[in-house]
Amino acid sequence: MIAIQKEDVNIAQLVTEARKPGTGAIVVFDGIVRDDDIREIELEAYTEVALPELEKIAKEATAKFSLLHVDIVHRIGRLAIGENILAIVVSAGHRQEAYAGSRFIIEEIKVKVPIWKKELTRDGGRWVPGEHSHGSGKTV
Amino acid sequence: MIAIQKEDVNIAQLVTEARKPGTGAIVVFDGIVRDDDIREIELEAYTEVALPELEKIAKEATAKFSLLHVDIVHRIGRLAIGENILAIVVSAGHRQEAYAGSRFIIEEIKVKVPIWKKELTRDGGRWVPGEHSHGSGKTV
Amino acid sequence: MTVRIRFFARFRELLGAESMAGFKDGTNIADLVRSVTEKNREGYNAIFDESGNFREFVILMQNGKRVDVSDAGRTGISDGDEIAVFPPVAGG
Amino acid sequence: MTVRIRFFARFRELLGAESMAGFKDGTNIADLVRSVTEKNREGYNAIFDESGNFREFVILMQNGKRVDVSDAGRTGISDGDEIAVFPPVAGG
């Protein structure tokens, strides 16, 4: 399942369904809204580009790390502290591939997928700067 | 929760409870019985030593990678293909620490915790050789 | 010809989510973005520097494909194109 | 004095899970394991090589603490000790 959605993601169900034949290891990455002195965050996506980009990353990870199954669910909209932002579930025969595949996917998402986060604070908001950005992420 | 048990592990519940204040990333490792032409596996532990060893590994990982929460549940007894063998759930502020902490824990378990696996096949059984063993893991 | 221009994140807040505009043949992406933003001082300044060049971090896409800002001045547009302008991504 | 000896995994299958045995003071771990296994040819051979030395991969513990096989011949035991003998671990 590759999705960009407002609804929460059922990680337990994804983990259950990730048990494909040959699976010896499942690695789950669950990105959470962190309490950085914020009220909530708002996520925005260029969905028509972001979704195929996620699909491409999943395909690349599958080929590169012999994965047996990949789920990527990225949420958009307003999310409270403690809510899931992103769930990545990968299955592989062995743990090395599962960890490496999971890590590859999150690093690729961070730099390639057009999704943005704004932290909503008491005194306004602040766009989170991209990790590989030259921008300063200044308060607007 | 650090445990060695026969019962299955409720990963969904662990992930929910791992959401401590400050959490930005949760990484779950779920080790599964792989279908290597076997019927099932049987796990045996020197529990009185294995359990404190798991606790020590959790503490070391917490200190080394600034983890906010660690669960390790290792199962023993007879398990069928596709069943959970081991669940590791770690929370951290950032993904780098969560991945590194999770990986540290599984690698330490593999070499330090007195637990053994026997693959039960149609023609008998085979003890799985330790990853860092000098032994050959021959069929007995 | 008619082209759709979309802005995201901080640029969207300053310039609106999207606009449709008519252009004459031979227009390039840099001209297009300049003409759509020039009446909005803050929006323009977020995207262009003092010399009128794209700021280094600005990302451009033409129909979902990345176009380097340094190539935008010589990349032509066609009727029905979708041009997207956004700051560095920060998902995950 | 009385000592408990525990075997795990393949060694357990060959030698049984555990045995209690009485020993005289001054007995070391190597002597103890040898005396408990010597009547079981297959069990003994799994743990000791042709020269009667511990096989390189054998792991020994005294009351939950690792004792290197090369030190076993000079490591004394005390009343109530638990000695564990097992092959390389393979959990996870």
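Note that the chains take the letters A, B, C and D in the order they are written out, and that residue 1 is the start of every chain.
Basically, a contact is a pair of C-beta atoms (placed from the backbone, for glycine too) under 8 Å apart; a residue touches a chain by one contact, two chains touch by 3 or more.
The model shown is predicted, which means the values in this text are computed figures rather than measured ones.
Minimum number of contact steps separating subunit B from subunit C: 2.
Rounded to a whole number, the gap between the C-alpha centres of subunit C and subunit D is 75 angstrom. Chain centres here are Cα averages; for subunit A and subunit D they lie 50 Å apart. Per-chain CA centroids place subunit A at a distance of 24 Å from subunit B. In this assembly, the C-alpha centroid of subunit A lies 27 Å from the C-alpha centroid of subunit C. Residue positions of subunit D touching 2 or more other chains: 92. Annotation for subunit B: residues touching 2 or more other chains are 31, 95, 106. Listed by label, the pairs of touching chains are A-B, A-C, B-D. If you check the complex, the residues on subunit A that touch subunit C are 31, 43-46, 48-50, 52, 74, 85-86, 106, 109-118, 127-135, 140. Residue ranges on subunit D touching subunit B, taken from their complex, read 6, 8-10, 12-14, 55-57, 59, 61, 64, 84, 86-92. Considering their complex, residues 11-12, 15, 19, 21-35, 82, 93, 95, 98-99, 102-103, 106 of subunit B touch subunit A.
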